[in-house]
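In the two complexes that follow, chain A is the common piece, with chain B as its partner first and chain C second.
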Partner chain A sequence: MPLIIVSADDFKQGDEISQKVAGTLGYRYLGRDLLHYVATENQVSEEELARALDEAPGLLTRRARRQRLLGLIEAACLNVLLDDSVVCFGLAAHMYVRAVSHALKVRIINEPEQRAEALAEAEGLSVDKARKQVMRQTKDERRWSEETYNLDQTDASLYDMVISLGTLELDKAVEIISDTVGYRKFQPMTYSRKLMQDKALAAAVRRELMGQFPEIRVEANDGTVVVFIQSLKKDQRKKQELVRQIAGGLPGVRHVEVHIIRDLVGQAAQSSR
Partner chain B sequence: MAIITISRGSYSKGREVAEKVAQRMGYQVVSRDVLLEASEKFHISEVKLVRAIHDAPSVLERFTHGKYCYLAFIRAALTERAVKDDLVYHGLAGHLLLKGVPHVLKVRIIADLEARVAAEMKRENLTQSQARSLLLKDDAERRKWTQSLYGADPWDASLYDLVIHINQLTVDDAVDFIVQAAGRECFKTTVEAQQKIQDLALACRVKASLAEDECVDIAVTSEFGNVMVYTKQDDRRAHRLEEKLKPLAKGLPEINHLELRAGQPFPPEAC
Partner chain C sequence: MSGNLQVLLLDDEPIVGRRLKPALAKIGCEVDVFEDPELALAKMAQKEYDVVVTDIRMDQIDGMQVLEFVRERWPRSKVIMITGYAMMSLAREAMEKGAFDFIAKPFKPDDLRRVIAKAAHALGSDIDFDVVEVEKANG
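For the complex of A and B:
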């Protein structure tokens, strides 16, 4: 059965809709609870994981650390999404299951004015202040996705459909999503399942290597893993060997290819010494 | 019943969706006909109206107000159609032209650029790069148009109730969703909603008549036929405008009362 990936500009509403869809269809719900598992498995704090998902990087953010945390979440999430019949919300999965045809990608939005009014009421702010806050939130949301995945997550073309709760009620959104997922086009096929397996394997390899190689890129195809890392010329052989050793030991990996991207900054720094 | 506006880019299959929705619901489908009606009613060539609704105003036009007038004519024609209800409008800015009407279901249909390029290549017999550059230019022009006239980006999903991506989902799927959504209670034409659209149509009609008479930079509201015309000019300069309102009040039987408000800011709901 298909996967449903929900993204929303309002966390509470997105969560409620996702849980209701999961309940209606009898699917498993995958949400922020996963962070507890990721935190325990990797000895990191759950709050830090949530911050990496919620906050756009600032000047003082340790980017490599943040990328690593997001990599841990992505690997754990994709591992669950290998199973069918899952509704996933709040883990940025819409950014990394793109092109998987059995994943219905839905975004839930509100009219900015309504969001501002709700925020003003909830936090006792003036509507003007709330409006500014909503604008800032949207900007931050956009910046988060652009800096992390080089994509604007508010762009409608990333999704199969965008539903506004401005006029349509929450239950109607649940109904539309539940109906849509039954369409033939969202049924898992051999090709789309394989694509998902490749993504999960690439994420698992990246998770293992990110500690040593923060600027890593991994691609996987049917058990063959291609790893791109930065290195100085003199360390090249040692690093290639290390990658092969770590990645090769992971379940599902049959062959590892390591491509070196020249570390030009490091090279320049070394030659100027 | 409802009013449905479908915003689309070129070759996004929005027209096909609109026609099928209209057929399924037994509604009238309106797009270019609005321009023809406006063209006949206000004696302006259709080409000028097409340009008005497609190309963003140039710097010169911001002073000559050409586009301002044409847009007022198009809006008057569209709202007049919308009063009759049961309508599917596809084309540019329907959601903005009918802003403030509660029973309008605002839909945007999008498609992947590659699919659009392929469709344009096939239909216009163009090379891939020609088709791509034409589409990108067209998209940029539409974006500029909406931004310059309404300060909104047509690509912004928050302007719509439903955005449907034609890729995995087909035209027929999109039709199903729209028909389903349009059946919701909130899109039914209530007495209040009908009154709103009648008032908007009247306000647009007054604005278009004044634009025809070279009165620009005005805003008009109507509530139960009580029409307010707003101008930022002071009382003395507004006198000329007041003279023009008198015959208008007599000529349009729907007007209950007509009043000029000079030197006041335009209310946000005004057309």
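For the complex of A and C:
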């Protein structure tokens, strides 16, 4: 059965809809609880993982660390999404499960005015102040996705369906999503399952290597893994061997190719010494 | 369904039929191979196949038209789409039009055999896919 990936401009509403859809269809719900598992498995703090998902990077953000945390979440999330019948929310999966045809991608939006009113009431703010906060949240949300995945997550073209809670009741949204996922076009097939397996394998390899190679890109195809890393010319062979050794030991990896992207900054620094 | 699984394989690249026909015969399929979609359609107008495996991108008649023809003429037949130009929109279109499965090229003969075995199962007849596995294990 298909996957449902939900993204929302209001976390609480997105979470509620996702849980209700999972309950209606008898699917597994995959949400922020996963962070507890990721934190325990990798000896990082759950709060730090949540911050990486929620906060756009600032001037003082350690970007390599943030990328690593997001990579840990992505690998764990994709591993669960290899199974069928999952509703996923709050783990940024809409950013990395884009081309998979058996994943129904849904965006839940709300009218800014309604969000401001709800925020003003919940936090005892003036409507004007709440309005500004909502505008800031929208801007931050956009910046988060652009800086992390080079995509604007508020762009409707990333989704199969955009539902406005300004027009529809929350329960109606649940009903529409539950009905839509029954369309034949969202059924898993050999091609889409393989794509998901390739993504999960690439994420698992990346997770293992990110600690040593922060600027890493990994592609996988049917057990063949292609790794792109930066290196100075003099370290190239040593690094290639290390990548082959680490990646080659992972389950599902049959062959490893390592491509070097010249570390031009490092090269320049070295030659000026 | 009685006897061997009747399979029609349509791909305008001759190598595909040459390679896959013996692979499918090993699991007990009777395979008719076509490179010309028009000839394949003419044959299918007369004969009901259990499984039709068709490439998507071909000259004159494409795989989607073949799929539509089979779904209308022989609704019981299972159609498996294969393509070297796989993408999400095409995969979804094929499934929506009633394809049984969609496979991206290149693939291994085992990948297709596995899907054919699933199709046979859906038609109420089981193929002993393990026979091939055992043969491979024994070298």
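Rule of thumb we're sticking to: the second predicted complex is superposed on the first by the 273 of 273 C-alpha atoms of A that agree within 3 Å, B and C clash if a C-alpha of one lies under 4 Å from a C-alpha of the other, contacts with A are read in each partner's own complex, and residues count from 1 in each chain.
One rule holds in what follows: a residue touches a chain if its C-beta (ideal position, glycine included) is under 8 Å from a C-beta of that chain, and two chains touch if they have at least 3 such contacts.
Everything quoted here is computed from the prediction, not taken from an experiment.
Peer 1: Would you sort A:Thr190 into first (chain B), second (chain C), both or neither based on which partner it touches?
Peer 2: second
Peer 1: Just checking: does A:Ser101 make contact with chain B only, chain C only, both, or neither of them? Give me first, second, both or neither.
Peer 2: both
Peer 1: Could you tell me if A:Thr180 is touching chain B, chain C, both of them or neither one (first, second, both, neither)?
Peer 2: first
Peer 1: According to the stated criteria, A:Tyr27 is in contact with first (chain B), second (chain C), both, or neither; which is it?
Peer 2: neither
Peer 1: So which one touches more of the residues on chain A, chain B or chain C?
Peer 2: Comparing chain B with chain C, the partner touching more chain A residues is B.
Peer 1: According to the stated criteria, A:Phe213 is in contact with first (chain B), second (chain C), both, or neither; which is it?
Peer 2: Neither partner.
Peer 1: Residues on chain A in contact with chain B in one complex and with chain C in the other?
Peer 2: Common interface on chain A, chain B vs chain C: 101, 183, 185-186.
Peer 1: Flag every residue of chain A that touches chain B in the complex, lowest number first.
Peer 2: 101, 104, 107, 109-112, 154-157, 159-164, 166-169, 172, 175-176, 179-180, 183, 185-186
Peer 1: Once bound in the complex, which stretches of chain A touch chain C?
Peer 2: 99-101, 183-187, 189-192, 194
Peer 1: Mind pulling up the chain C residues that touch chain A in the complex?
Peer 2: Residues of chain C touching chain A: 86-88, 91-93, 95-96, 98-99, 101-104, 107, 111, 114-115.
Peer 1: Can you list the chain B residues touching chain A in their complex?
Peer 2: Its residues touching chain A are 105, 108, 110, 112, 155, 157-158, 160-165, 167-170, 173, 176-177, 180-181, 184, 186-187.
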